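What follows is a group of structures, each given as C-alpha coordinates.
Two complexes follow with chain A in common, the first pairing it with chain B and the second with chain C.
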Partner chain A sequence: MARVVSKGTVITQDIAAAQVAIAQINSFSHSGAETGTVDTTALDSGVGIELTASGHATGGSFDFSLFFDSELAGHQSLSDQLGNPIQRAYGLTLAGGTAITFNAAGIGFGFSGDVGGVNTADVTLPITGLMVYVT
Partner chain B sequence: MAGIEEGIKTLLDAEATLTAICSTDIYPNKAPQSAAFPQIVFTQLTSDEYNTLDGGGDVRSIDVDFDCRATRSVTATSLSAALLAYIRDFTGAAGAETIRAVTVQGEGSDYIAPTDGSDKGVFIKTLDVQIQYTPA
Partner chain C sequence: MRARLLIDQPITPGTVDERIVVGEDGKSYWPAGAVLEDPRAQRLVQMGVAEPADAECTLAANMTSEQMAAAQRKQEMLAKGIVEDDYQRYFDGEMMGYDADGNDIPGPNWIDRDAPESDLILPEGFNE
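Moving on, here comes the complex of A and B:
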(Lines of atoms letter the chains of each structure in order from A and count residues from 1; the text may use other names and numbers.)
(Lines give C-alpha, C1' and ligand atoms only; values in the text may rest on other atoms or scores of the structure.)
Protein backbone atom coordinates (compact mmCIF):
# COMPACT_ATOMS: atom_id res chain seq x y z
CA MET A 1 0.00 0.00 0.00
CA ALA A 2 1.39 3.38 -0.94
CA ARG A 3 0.41 6.90 -1.86
CA VAL A 4 1.28 7.31 -5.51
CA VAL A 5 2.27 10.85 -6.34
CA SER A 6 0.85 12.37 -9.50
CA LYS A 7 4.05 14.05 -10.64
CA GLY A 8 5.85 11.72 -13.00
CA THR A 9 2.68 10.37 -14.60
CA VAL A 10 3.19 10.02 -18.33
CA ILE A 11 0.31 10.23 -20.80
CA THR A 12 1.07 9.01 -24.27
CA GLN A 13 -0.61 9.13 -27.65
CA ASP A 14 -0.23 6.97 -30.70
CA ILE A 15 1.87 8.72 -33.33
CA ALA A 16 2.93 6.56 -36.29
CA ALA A 17 2.31 3.37 -34.31
CA ALA A 18 4.47 4.45 -31.37
CA GLN A 19 3.30 5.72 -27.98
CA VAL A 20 4.75 9.21 -27.59
CA ALA A 21 4.59 11.20 -24.34
CA ILE A 22 2.49 14.35 -24.32
CA ALA A 23 4.46 17.17 -22.71
CA GLN A 24 3.47 19.89 -20.24
CA ILE A 25 0.40 18.20 -18.77
CA ASN A 26 -0.51 19.61 -15.38
CA SER A 27 -3.62 17.64 -14.44
CA PHE A 28 -5.66 14.67 -15.54
CA SER A 29 -8.83 12.87 -14.59
CA HIS A 30 -10.84 9.89 -15.65
CA SER A 31 -14.55 9.92 -15.07
CA GLY A 32 -17.86 8.51 -16.18
CA ALA A 33 -16.91 4.85 -16.39
CA GLU A 34 -19.79 2.77 -15.12
CA THR A 35 -21.55 -0.47 -15.64
CA GLY A 36 -24.82 -0.45 -17.51
CA THR A 37 -28.10 -1.30 -15.87
CA VAL A 38 -31.61 -2.01 -16.96
CA ASP A 39 -34.57 -0.81 -14.93
CA THR A 40 -36.49 -4.00 -14.18
CA THR A 41 -38.96 -2.47 -11.79
CA ALA A 42 -42.37 -4.08 -12.26
CA LEU A 43 -45.83 -2.99 -11.20
CA ASP A 44 -45.71 -5.46 -8.36
CA SER A 45 -42.16 -4.54 -7.27
CA GLY A 46 -41.51 -3.11 -3.88
CA VAL A 47 -40.82 0.55 -3.21
CA GLY A 48 -37.21 0.34 -4.33
CA ILE A 49 -36.38 0.68 -8.02
CA GLU A 50 -34.97 -2.60 -9.26
CA LEU A 51 -31.95 -2.51 -11.53
CA THR A 52 -30.40 -5.41 -13.36
CA ALA A 53 -26.91 -5.49 -14.80
CA SER A 54 -27.07 -5.06 -18.56
CA GLY A 55 -23.79 -6.87 -19.07
CA HIS A 56 -22.16 -3.82 -20.59
CA ALA A 57 -20.11 -0.92 -19.27
CA THR A 58 -19.26 2.49 -20.57
CA GLY A 59 -15.65 3.58 -20.50
CA GLY A 60 -16.33 7.23 -19.68
CA SER A 61 -13.86 9.89 -20.66
CA PHE A 62 -10.29 10.78 -19.92
CA ASP A 63 -9.56 14.47 -19.50
CA PHE A 64 -6.34 16.36 -19.09
CA SER A 65 -5.07 19.92 -19.08
CA LEU A 66 -1.73 21.14 -20.33
CA PHE A 67 0.27 24.29 -20.87
CA PHE A 68 -0.39 24.72 -24.56
CA ASP A 69 2.50 25.25 -26.94
CA SER A 70 1.17 25.36 -30.48
CA GLU A 71 4.70 24.84 -31.82
CA LEU A 72 5.03 21.50 -30.05
CA ALA A 73 4.47 18.52 -32.37
CA GLY A 74 2.78 16.51 -29.65
CA HIS A 75 0.27 19.29 -29.04
CA GLN A 76 -0.31 19.79 -32.75
CA SER A 77 -1.06 16.10 -32.99
CA LEU A 78 -3.92 16.53 -30.55
CA SER A 79 -5.55 19.44 -32.37
CA ASP A 80 -4.90 17.77 -35.73
CA GLN A 81 -7.32 15.06 -34.71
CA LEU A 82 -10.21 17.49 -34.98
CA GLY A 83 -9.74 17.37 -38.74
CA ASN A 84 -9.10 13.64 -38.75
CA PRO A 85 -11.47 12.12 -36.23
CA ILE A 86 -10.45 8.50 -35.97
CA GLN A 87 -10.07 6.03 -33.12
CA ARG A 88 -6.69 6.32 -31.45
CA ALA A 89 -4.71 4.49 -28.78
CA TYR A 90 -3.51 6.22 -25.63
CA GLY A 91 -1.45 5.17 -22.66
CA LEU A 92 -1.12 6.24 -19.07
CA THR A 93 1.85 5.28 -16.95
CA LEU A 94 1.43 6.22 -13.33
CA ALA A 95 4.39 7.42 -11.32
CA GLY A 96 4.61 4.04 -9.61
CA GLY A 97 5.05 2.35 -12.99
CA THR A 98 1.53 1.03 -13.52
CA ALA A 99 0.56 1.13 -17.19
CA ILE A 100 -3.02 1.64 -18.34
CA THR A 101 -4.13 1.78 -21.94
CA PHE A 102 -7.30 2.83 -23.68
CA ASN A 103 -8.70 3.80 -27.04
CA ALA A 104 -10.52 7.06 -27.68
CA ALA A 105 -13.16 7.42 -30.36
CA GLY A 106 -12.38 11.09 -30.94
CA ILE A 107 -11.26 14.17 -29.10
CA GLY A 108 -12.49 17.36 -27.50
CA PHE A 109 -9.95 20.16 -27.59
CA GLY A 110 -9.94 23.81 -26.56
CA PHE A 111 -7.39 26.29 -25.34
CA SER A 112 -7.39 29.55 -23.41
CA GLY A 113 -5.20 32.26 -21.97
CA ASP A 114 -5.45 35.29 -19.72
CA VAL A 115 -3.30 38.28 -18.82
CA GLY A 116 -0.77 37.24 -16.25
CA GLY A 117 -1.18 33.56 -17.03
CA VAL A 118 0.13 31.16 -19.63
CA ASN A 119 -1.82 29.50 -22.40
CA THR A 120 -3.53 26.27 -21.45
CA ALA A 121 -5.51 23.63 -23.32
CA ASP A 122 -8.14 21.20 -22.14
CA VAL A 123 -8.45 17.81 -23.81
CA THR A 124 -11.31 15.35 -23.49
CA LEU A 125 -10.98 11.82 -24.83
CA PRO A 126 -14.21 9.78 -25.11
CA ILE A 127 -13.15 6.22 -24.33
CA THR A 128 -14.41 3.47 -26.57
CA GLY A 129 -14.58 0.14 -24.84
CA LEU A 130 -12.97 0.20 -21.43
CA MET A 131 -9.62 1.23 -20.07
CA VAL A 132 -7.35 -1.74 -19.62
CA TYR A 133 -6.98 -1.46 -15.89
CA VAL A 134 -4.50 -3.24 -13.69
CA THR A 135 -6.33 -6.06 -11.95
CA MET B 1 22.34 38.26 -4.94
CA ALA B 2 21.53 35.94 -7.82
CA GLY B 3 18.81 35.00 -10.25
CA ILE B 4 15.95 37.30 -11.05
CA GLU B 5 16.86 39.82 -8.33
CA GLU B 6 20.23 40.35 -9.93
CA GLY B 7 18.52 40.48 -13.32
CA ILE B 8 16.10 43.20 -12.22
CA LYS B 9 18.90 45.20 -10.63
CA THR B 10 20.97 44.92 -13.82
CA LEU B 11 18.00 45.89 -15.96
CA LEU B 12 17.03 48.98 -13.97
CA ASP B 13 20.61 50.13 -13.43
CA ALA B 14 20.97 50.38 -17.20
CA GLU B 15 17.83 52.44 -17.78
CA ALA B 16 18.71 56.12 -18.23
CA THR B 17 15.25 57.45 -17.35
CA LEU B 18 15.60 55.86 -13.92
CA THR B 19 19.25 56.57 -13.22
CA ALA B 20 18.63 60.23 -14.12
CA ILE B 21 16.43 60.34 -11.02
CA CYS B 22 17.92 57.83 -8.58
CA SER B 23 21.32 56.93 -10.03
CA THR B 24 21.89 53.23 -9.34
CA ASP B 25 20.36 53.39 -5.86
CA ILE B 26 18.27 50.36 -6.68
CA TYR B 27 18.27 47.51 -4.18
CA PRO B 28 16.64 44.13 -3.63
CA ASN B 29 14.80 43.74 -0.32
CA LYS B 30 16.55 46.49 1.64
CA ALA B 31 18.58 49.59 0.95
CA PRO B 32 21.72 50.08 3.00
CA GLN B 33 21.40 52.76 5.64
CA SER B 34 23.93 54.86 3.77
CA ALA B 35 21.98 54.78 0.50
CA ALA B 36 20.91 58.11 -0.92
CA PHE B 37 17.41 59.21 -1.83
CA PRO B 38 15.66 58.86 -4.18
CA GLN B 39 15.98 55.11 -4.38
CA ILE B 40 14.12 52.00 -5.49
CA VAL B 41 13.79 48.99 -3.22
CA PHE B 42 12.15 45.95 -4.74
CA THR B 43 10.89 42.83 -3.00
CA GLN B 44 9.70 39.53 -4.40
CA LEU B 45 6.44 38.63 -2.69
CA THR B 46 5.27 35.35 -4.25
CA SER B 47 6.00 32.99 -7.11
CA ASP B 48 4.01 30.69 -9.39
CA GLU B 49 5.92 27.81 -10.93
CA TYR B 50 3.54 26.47 -13.63
CA ASN B 51 4.46 22.91 -12.67
CA THR B 52 3.68 19.98 -14.93
CA LEU B 53 3.66 16.20 -14.56
CA ASP B 54 6.88 15.99 -16.57
CA GLY B 55 8.75 18.52 -14.45
CA GLY B 56 9.25 22.20 -13.97
CA GLY B 57 8.41 24.54 -16.76
CA ASP B 58 10.52 27.07 -18.57
CA VAL B 59 8.53 30.00 -17.21
CA ARG B 60 8.18 31.29 -13.67
CA SER B 61 5.96 34.06 -12.46
CA ILE B 62 6.77 36.30 -9.53
CA ASP B 63 5.03 39.23 -7.89
CA VAL B 64 7.36 42.09 -7.08
CA ASP B 65 6.76 45.29 -5.16
CA PHE B 66 8.86 48.23 -6.31
CA ASP B 67 9.06 50.93 -3.64
CA CYS B 68 10.10 54.26 -5.15
CA ARG B 69 11.32 56.30 -2.20
CA ALA B 70 12.18 59.96 -2.02
CA THR B 71 12.22 62.80 0.47
CA ARG B 72 9.86 64.77 -1.76
CA SER B 73 6.49 63.44 -2.87
CA VAL B 74 6.85 64.80 -6.38
CA THR B 75 10.17 62.98 -6.80
CA ALA B 76 8.74 59.67 -5.62
CA THR B 77 5.90 60.14 -8.08
CA SER B 78 8.29 60.98 -10.94
CA LEU B 79 10.43 57.96 -10.16
CA SER B 80 7.41 55.70 -10.02
CA ALA B 81 6.11 57.09 -13.31
CA ALA B 82 9.48 56.54 -14.99
CA LEU B 83 9.63 52.98 -13.67
CA LEU B 84 6.09 52.29 -14.80
CA ALA B 85 6.73 53.65 -18.29
CA TYR B 86 9.86 51.56 -18.64
CA ILE B 87 8.78 48.25 -17.21
CA ARG B 88 5.08 47.89 -17.92
CA ASP B 89 5.48 46.27 -21.35
CA PHE B 90 9.10 45.21 -21.07
CA THR B 91 10.25 41.96 -22.64
CA GLY B 92 13.82 40.81 -23.08
CA ALA B 93 17.00 40.19 -21.15
CA ALA B 94 17.30 41.09 -17.49
CA GLY B 95 20.82 40.07 -16.64
CA ALA B 96 21.00 36.35 -17.32
CA GLU B 97 17.21 35.94 -17.12
CA THR B 98 14.71 36.57 -19.89
CA ILE B 99 11.56 38.49 -19.06
CA ARG B 100 8.62 37.25 -21.11
CA ALA B 101 5.87 39.51 -19.82
CA VAL B 102 5.24 42.21 -17.25
CA THR B 103 1.81 42.95 -15.87
CA VAL B 104 1.22 45.89 -13.57
CA GLN B 105 -1.19 44.85 -10.83
CA GLY B 106 -1.59 48.07 -8.92
CA GLU B 107 -0.07 51.14 -7.35
CA GLY B 108 -0.13 52.65 -3.91
CA SER B 109 1.49 55.34 -1.79
CA ASP B 110 2.79 55.64 1.72
CA TYR B 111 4.70 58.04 3.94
CA ILE B 112 7.21 57.12 6.59
CA ALA B 113 7.21 59.77 9.24
CA PRO B 114 10.58 60.82 10.66
CA THR B 115 11.48 59.61 14.12
CA ASP B 116 13.68 62.57 14.98
CA GLY B 117 10.86 65.08 15.30
CA SER B 118 11.79 66.80 12.06
CA ASP B 119 9.58 67.27 9.01
CA LYS B 120 11.76 65.11 6.74
CA GLY B 121 9.95 61.84 6.18
CA VAL B 122 10.12 59.51 3.21
CA PHE B 123 7.47 59.39 0.51
CA ILE B 124 6.90 56.02 -1.11
CA LYS B 125 5.13 55.12 -4.33
CA THR B 126 4.76 51.37 -4.68
CA LEU B 127 4.20 49.49 -7.91
CA ASP B 128 2.91 45.94 -7.63
CA VAL B 129 4.13 44.08 -10.71
CA GLN B 130 3.88 40.53 -11.96
CA ILE B 131 6.91 39.36 -13.94
CA GLN B 132 6.88 36.20 -16.01
CA TYR B 133 10.38 35.11 -16.96
CA THR B 134 12.51 32.27 -18.17
CA PRO B 135 15.27 31.46 -15.68
CA ALA B 136 18.81 31.26 -16.95
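Moving on, here comes the complex of A and C:
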Protein backbone atom coordinates (compact mmCIF):
# COMPACT_ATOMS: atom_id res chain seq x y z
CA MET A 1 0.00 0.00 0.00
CA ALA A 2 1.35 3.39 -0.93
CA ARG A 3 0.34 6.93 -1.60
CA VAL A 4 1.48 7.54 -5.14
CA VAL A 5 2.68 11.09 -5.59
CA SER A 6 1.81 13.00 -8.77
CA LYS A 7 5.42 14.11 -9.30
CA GLY A 8 6.91 11.96 -12.05
CA THR A 9 3.62 11.27 -13.83
CA VAL A 10 3.95 11.18 -17.60
CA ILE A 11 1.09 11.71 -20.06
CA THR A 12 1.68 10.57 -23.63
CA GLN A 13 -0.03 11.01 -26.97
CA ASP A 14 0.07 8.95 -30.12
CA ILE A 15 2.43 10.13 -32.83
CA ALA A 16 2.99 7.66 -35.67
CA ALA A 17 2.01 4.68 -33.48
CA ALA A 18 4.49 5.68 -30.77
CA GLN A 19 3.55 7.15 -27.39
CA VAL A 20 5.40 10.43 -26.87
CA ALA A 21 5.40 12.43 -23.63
CA ILE A 22 3.68 15.82 -23.45
CA ALA A 23 5.57 18.64 -21.73
CA GLN A 24 4.56 21.22 -19.12
CA ILE A 25 1.45 19.54 -17.74
CA ASN A 26 0.52 20.86 -14.32
CA SER A 27 -2.63 18.92 -13.46
CA PHE A 28 -4.77 16.06 -14.68
CA SER A 29 -8.05 14.41 -13.80
CA HIS A 30 -10.28 11.62 -14.93
CA SER A 31 -13.99 11.83 -14.34
CA GLY A 32 -17.35 10.60 -15.49
CA ALA A 33 -16.61 6.92 -15.86
CA GLU A 34 -19.64 4.98 -14.74
CA THR A 35 -21.65 1.91 -15.45
CA GLY A 36 -24.86 2.40 -17.36
CA THR A 37 -28.25 1.91 -15.77
CA VAL A 38 -31.80 1.80 -16.99
CA ASP A 39 -34.62 3.21 -14.91
CA THR A 40 -37.00 0.27 -14.64
CA THR A 41 -39.37 1.85 -12.21
CA ALA A 42 -42.98 1.10 -13.11
CA LEU A 43 -46.16 2.70 -11.95
CA ASP A 44 -46.80 -0.24 -9.70
CA SER A 45 -43.24 -0.39 -8.34
CA GLY A 46 -42.46 0.33 -4.75
CA VAL A 47 -41.41 3.74 -3.48
CA GLY A 48 -37.76 3.34 -4.39
CA ILE A 49 -36.65 4.07 -7.94
CA GLU A 50 -35.47 0.83 -9.54
CA LEU A 51 -32.37 0.81 -11.67
CA THR A 52 -31.18 -2.08 -13.76
CA ALA A 53 -27.64 -2.47 -15.06
CA SER A 54 -27.59 -1.85 -18.80
CA GLY A 55 -24.50 -3.95 -19.29
CA HIS A 56 -22.51 -1.00 -20.63
CA ALA A 57 -20.22 1.57 -19.10
CA THR A 58 -19.06 5.00 -20.18
CA GLY A 59 -15.37 5.80 -20.02
CA GLY A 60 -15.83 9.42 -19.03
CA SER A 61 -13.36 12.14 -19.77
CA PHE A 62 -9.67 12.64 -19.17
CA ASP A 63 -8.70 16.27 -18.68
CA PHE A 64 -5.40 17.97 -18.17
CA SER A 65 -3.98 21.47 -17.99
CA LEU A 66 -0.60 22.60 -19.18
CA PHE A 67 1.53 25.71 -19.38
CA PHE A 68 0.82 26.50 -23.01
CA ASP A 69 3.70 27.12 -25.39
CA SER A 70 2.50 27.38 -28.97
CA GLU A 71 6.06 26.71 -30.18
CA LEU A 72 6.22 23.29 -28.55
CA ALA A 73 5.62 20.48 -31.04
CA GLY A 74 3.81 18.41 -28.44
CA HIS A 75 1.33 21.22 -27.82
CA GLN A 76 0.95 21.87 -31.54
CA SER A 77 0.20 18.20 -32.03
CA LEU A 78 -2.70 18.51 -29.61
CA SER A 79 -4.20 21.56 -31.31
CA ASP A 80 -3.56 19.96 -34.74
CA GLN A 81 -6.20 17.42 -33.84
CA LEU A 82 -8.94 20.04 -33.99
CA GLY A 83 -8.40 20.09 -37.75
CA ASN A 84 -8.06 16.33 -38.01
CA PRO A 85 -10.63 14.91 -35.60
CA ILE A 86 -10.05 11.19 -35.44
CA GLN A 87 -9.72 8.71 -32.58
CA ARG A 88 -6.31 8.75 -30.91
CA ALA A 89 -4.57 6.77 -28.20
CA TYR A 90 -3.16 8.28 -25.02
CA GLY A 91 -1.23 6.96 -22.08
CA LEU A 92 -0.69 7.80 -18.45
CA THR A 93 2.32 6.46 -16.58
CA LEU A 94 2.19 7.06 -12.85
CA ALA A 95 5.25 7.57 -10.70
CA GLY A 96 6.55 4.09 -10.03
CA GLY A 97 5.76 2.90 -13.55
CA THR A 98 2.10 1.89 -13.53
CA ALA A 99 0.70 2.46 -17.02
CA ILE A 100 -2.90 3.25 -17.97
CA THR A 101 -4.02 3.66 -21.57
CA PHE A 102 -7.15 4.87 -23.29
CA ASN A 103 -8.53 6.03 -26.63
CA ALA A 104 -10.15 9.42 -27.09
CA ALA A 105 -12.78 9.96 -29.75
CA GLY A 106 -11.89 13.64 -30.08
CA ILE A 107 -10.36 16.54 -28.23
CA GLY A 108 -11.38 19.75 -26.54
CA PHE A 109 -8.64 22.38 -26.49
CA GLY A 110 -8.63 25.95 -25.24
CA PHE A 111 -6.11 28.29 -23.71
CA SER A 112 -6.16 31.34 -21.48
CA GLY A 113 -3.99 33.91 -19.78
CA ASP A 114 -4.40 36.76 -17.38
CA VAL A 115 -2.54 39.74 -15.98
CA GLY A 116 0.29 38.58 -13.81
CA GLY A 117 -0.10 34.98 -14.89
CA VAL A 118 1.19 32.66 -17.59
CA ASN A 119 -0.71 31.17 -20.47
CA THR A 120 -2.31 27.83 -19.81
CA ALA A 121 -4.30 25.42 -21.95
CA ASP A 122 -7.02 23.02 -20.93
CA VAL A 123 -7.38 19.75 -22.80
CA THR A 124 -10.42 17.51 -22.61
CA LEU A 125 -10.33 14.00 -24.03
CA PRO A 126 -13.66 12.15 -24.33
CA ILE A 127 -12.82 8.51 -23.76
CA THR A 128 -14.24 5.94 -26.14
CA GLY A 129 -14.54 2.51 -24.59
CA LEU A 130 -12.93 2.33 -21.18
CA MET A 131 -9.55 3.17 -19.75
CA VAL A 132 -7.36 0.10 -19.55
CA TYR A 133 -6.93 0.07 -15.80
CA VAL A 134 -4.46 -1.91 -13.78
CA THR A 135 -6.37 -4.84 -12.29
CA MET B 1 7.27 10.97 -44.41
CA ARG B 2 9.78 8.96 -42.39
CA ALA B 3 11.61 9.45 -39.11
CA ARG B 4 14.18 7.22 -37.39
CA LEU B 5 13.76 6.71 -33.65
CA LEU B 6 16.76 7.64 -31.51
CA ILE B 7 15.54 5.95 -28.34
CA ASP B 8 13.27 3.03 -27.54
CA GLN B 9 9.76 4.43 -27.63
CA PRO B 10 6.57 2.91 -26.16
CA ILE B 11 4.15 1.75 -28.84
CA THR B 12 0.57 2.86 -29.08
CA PRO B 13 -1.49 -0.12 -27.83
CA GLY B 14 -2.86 -2.26 -30.62
CA THR B 15 0.06 -1.59 -32.93
CA VAL B 16 1.28 -4.72 -34.70
CA ASP B 17 4.71 -4.73 -36.31
CA GLU B 18 7.46 -7.33 -36.42
CA ARG B 19 10.01 -4.75 -35.25
CA ILE B 20 8.30 -4.23 -31.88
CA VAL B 21 10.26 -5.55 -28.90
CA VAL B 22 9.26 -6.26 -25.30
CA GLY B 23 11.35 -4.43 -22.71
CA GLU B 24 12.54 -5.66 -19.32
CA ASP B 25 9.50 -3.93 -17.80
CA GLY B 26 7.18 -6.09 -19.91
CA LYS B 27 6.05 -3.16 -22.03
CA SER B 28 6.24 -3.08 -25.82
CA TYR B 29 8.57 -0.65 -27.56
CA TRP B 30 9.66 0.52 -30.95
CA PRO B 31 13.41 -0.07 -30.79
CA ALA B 32 15.85 2.76 -31.36
CA GLY B 33 16.71 2.81 -35.06
CA ALA B 34 13.23 1.85 -36.23
CA VAL B 35 12.05 4.01 -39.11
CA LEU B 36 8.41 5.04 -38.74
CA GLU B 37 6.42 6.26 -41.70
CA ASP B 38 3.56 8.62 -40.98
CA PRO B 39 2.17 11.93 -42.26
CA ARG B 40 3.05 13.38 -38.82
CA ALA B 41 6.53 11.88 -38.55
CA GLN B 42 8.09 15.34 -38.30
CA ARG B 43 6.46 15.66 -34.87
CA LEU B 44 8.63 12.79 -33.64
CA VAL B 45 11.66 14.82 -34.68
CA GLN B 46 10.37 18.07 -33.19
CA MET B 47 9.53 16.32 -29.92
CA GLY B 48 13.02 14.88 -29.68
CA VAL B 49 12.52 11.15 -30.11
CA ALA B 50 13.63 10.76 -33.72
CA GLU B 51 15.73 12.18 -36.54
CA PRO B 52 14.54 12.75 -40.09
CA ALA B 53 14.87 9.70 -42.34
CA ASP B 54 14.01 11.43 -45.60
CA ALA B 55 14.13 14.87 -47.16
CA GLU B 56 10.41 15.45 -46.68
CA CYS B 57 10.73 14.94 -42.94
CA THR B 58 13.82 17.15 -42.75
CA LEU B 59 11.93 19.92 -44.49
CA ALA B 60 8.79 19.51 -42.39
CA ALA B 61 10.69 19.37 -39.08
CA ASN B 62 12.49 22.61 -39.99
CA MET B 63 15.02 22.39 -37.16
CA THR B 64 18.73 22.99 -36.80
CA SER B 65 20.89 20.20 -35.41
CA GLU B 66 21.26 22.23 -32.21
CA GLN B 67 17.49 22.51 -31.84
CA MET B 68 17.11 18.79 -32.41
CA ALA B 69 19.75 18.01 -29.80
CA ALA B 70 18.01 20.26 -27.28
CA ALA B 71 14.64 18.62 -27.97
CA GLN B 72 16.19 15.18 -27.54
CA ARG B 73 17.67 16.07 -24.15
CA LYS B 74 14.36 17.49 -22.99
CA GLN B 75 12.28 14.54 -24.21
CA GLU B 76 14.49 11.96 -22.52
CA MET B 77 13.80 13.50 -19.14
CA LEU B 78 10.18 14.24 -19.93
CA ALA B 79 9.52 10.60 -20.77
CA LYS B 80 10.92 9.58 -17.40
CA GLY B 81 8.96 12.26 -15.54
CA ILE B 82 12.12 13.98 -14.30
CA VAL B 83 11.43 17.46 -12.91
CA GLU B 84 13.66 20.35 -13.97
CA ASP B 85 15.39 20.67 -10.62
CA ASP B 86 16.71 17.13 -11.05
CA TYR B 87 17.92 17.37 -14.66
CA GLN B 88 21.57 17.69 -13.70
CA ARG B 89 21.40 14.86 -11.18
CA TYR B 90 19.81 12.68 -13.85
CA PHE B 91 22.57 13.59 -16.34
CA ASP B 92 25.17 12.85 -13.69
CA GLY B 93 23.72 9.38 -13.14
CA GLU B 94 22.72 10.09 -9.55
CA MET B 95 19.10 9.14 -10.14
CA MET B 96 17.01 7.49 -12.85
CA GLY B 97 13.48 8.57 -11.92
CA TYR B 98 11.02 8.42 -9.05
CA ASP B 99 9.30 5.62 -7.22
CA ALA B 100 5.61 5.73 -6.25
CA ASP B 101 6.48 7.71 -3.10
CA GLY B 102 8.29 10.36 -5.12
CA ASN B 103 11.69 9.24 -3.87
CA ASP B 104 14.64 9.01 -6.22
CA ILE B 105 15.37 5.74 -7.97
CA PRO B 106 19.16 5.60 -7.49
CA GLY B 107 21.35 5.69 -10.57
CA PRO B 108 24.85 4.26 -11.03
CA ASN B 109 26.39 7.38 -9.45
CA TRP B 110 23.95 7.65 -6.57
CA ILE B 111 25.00 9.89 -3.69
CA ASP B 112 23.15 9.46 -0.42
CA ARG B 113 22.86 13.09 0.59
CA ASP B 114 21.24 12.15 3.90
CA ALA B 115 24.14 9.96 4.98
CA PRO B 116 26.27 11.14 7.93
CA GLU B 117 29.34 12.96 6.72
CA SER B 118 31.55 10.35 8.37
CA ASP B 119 30.09 7.75 6.00
CA LEU B 120 30.94 9.69 2.85
CA ILE B 121 33.68 8.27 0.72
CA LEU B 122 35.70 11.29 -0.27
CA PRO B 123 37.85 11.42 -3.38
CA GLU B 124 41.55 10.79 -2.86
CA GLY B 125 43.32 14.00 -1.99
CA PHE B 126 40.14 15.68 -0.82
CA ASN B 127 41.11 18.55 1.45
CA GLU B 128 38.65 19.75 4.06
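Here is the rule we use: the second predicted complex is superposed on the first by the 135 of 135 C-alpha atoms of A that agree within 3 Å, B and C clash if a C-alpha of one lies under 4 Å from a C-alpha of the other, contacts with A are read in each partner's own complex, and residues count from 1 in each chain.
By our rule, a residue touches a chain if its C-beta (ideal position, glycine included) is under 8 Å from a C-beta of that chain, and two chains touch if they have at least 3 such contacts.
Model, not experiment: these values are computed from the prediction.
Once chain A of one complex is fitted onto chain A of the other, the partner contacts of A:Val132 are limited to chain C, with no touch recorded for chain B. By the document's definition of touching, of the two partners only chain C reaches A:Gln19; chain B does not.
Contacts of A:Val4 after superposition: chain C is touched, whereas chain B is not reached. When the two complexes are overlaid, the chain among chain B and chain C that reaches more residues of chain A is C.
Of the two partner chains placed by the overlay, only chain B lies in contact with A:Val118; chain C stays clear of it.
Of the two partner chains, chain B is the only one touched by A:Leu66; chain C is not.
Once the two complexes are overlaid on the shared chain, A:Ala53 sits clear of chain B and of chain C alike.
Within the superposed three-chain model, A:Gly74 lies in touch with chain C and out of touch with chain B [touch as defined at top]. Of the two partner chains placed around the shared chain by superposition, chain C is the only one that A:Thr93 touches, whereas chain B remains out of contact.
Shared-chain residue A:Thr101: touches chain C; no touch with chain B.
Residue overlap on chain A between the chain B contacts of one complex and the chain C contacts of the other covers 7-10, 21, 23.
Put simply, chain C touches chain A in their complex at residues 3, 5, 9-15, 17, 25, 27, 30, 36-38, 40-41, 43-44, 46-47, 49, 71, 74-75, 78-83, 97-102. If you check the complex, the residues on chain B that touch chain A are 50-54, 57, 59, 61, 101, 103, 105, 130, 132.
The residues of chain A lying in touch with chain B in their complex are 6-11, 21, 23-26, 28, 66-67, 115-116, 118. Across the complex, chain A meets chain C through its residues 2-5, 7-10, 12, 14-23, 73-74, 76-77, 80, 89, 91, 93-99, 101, 132.
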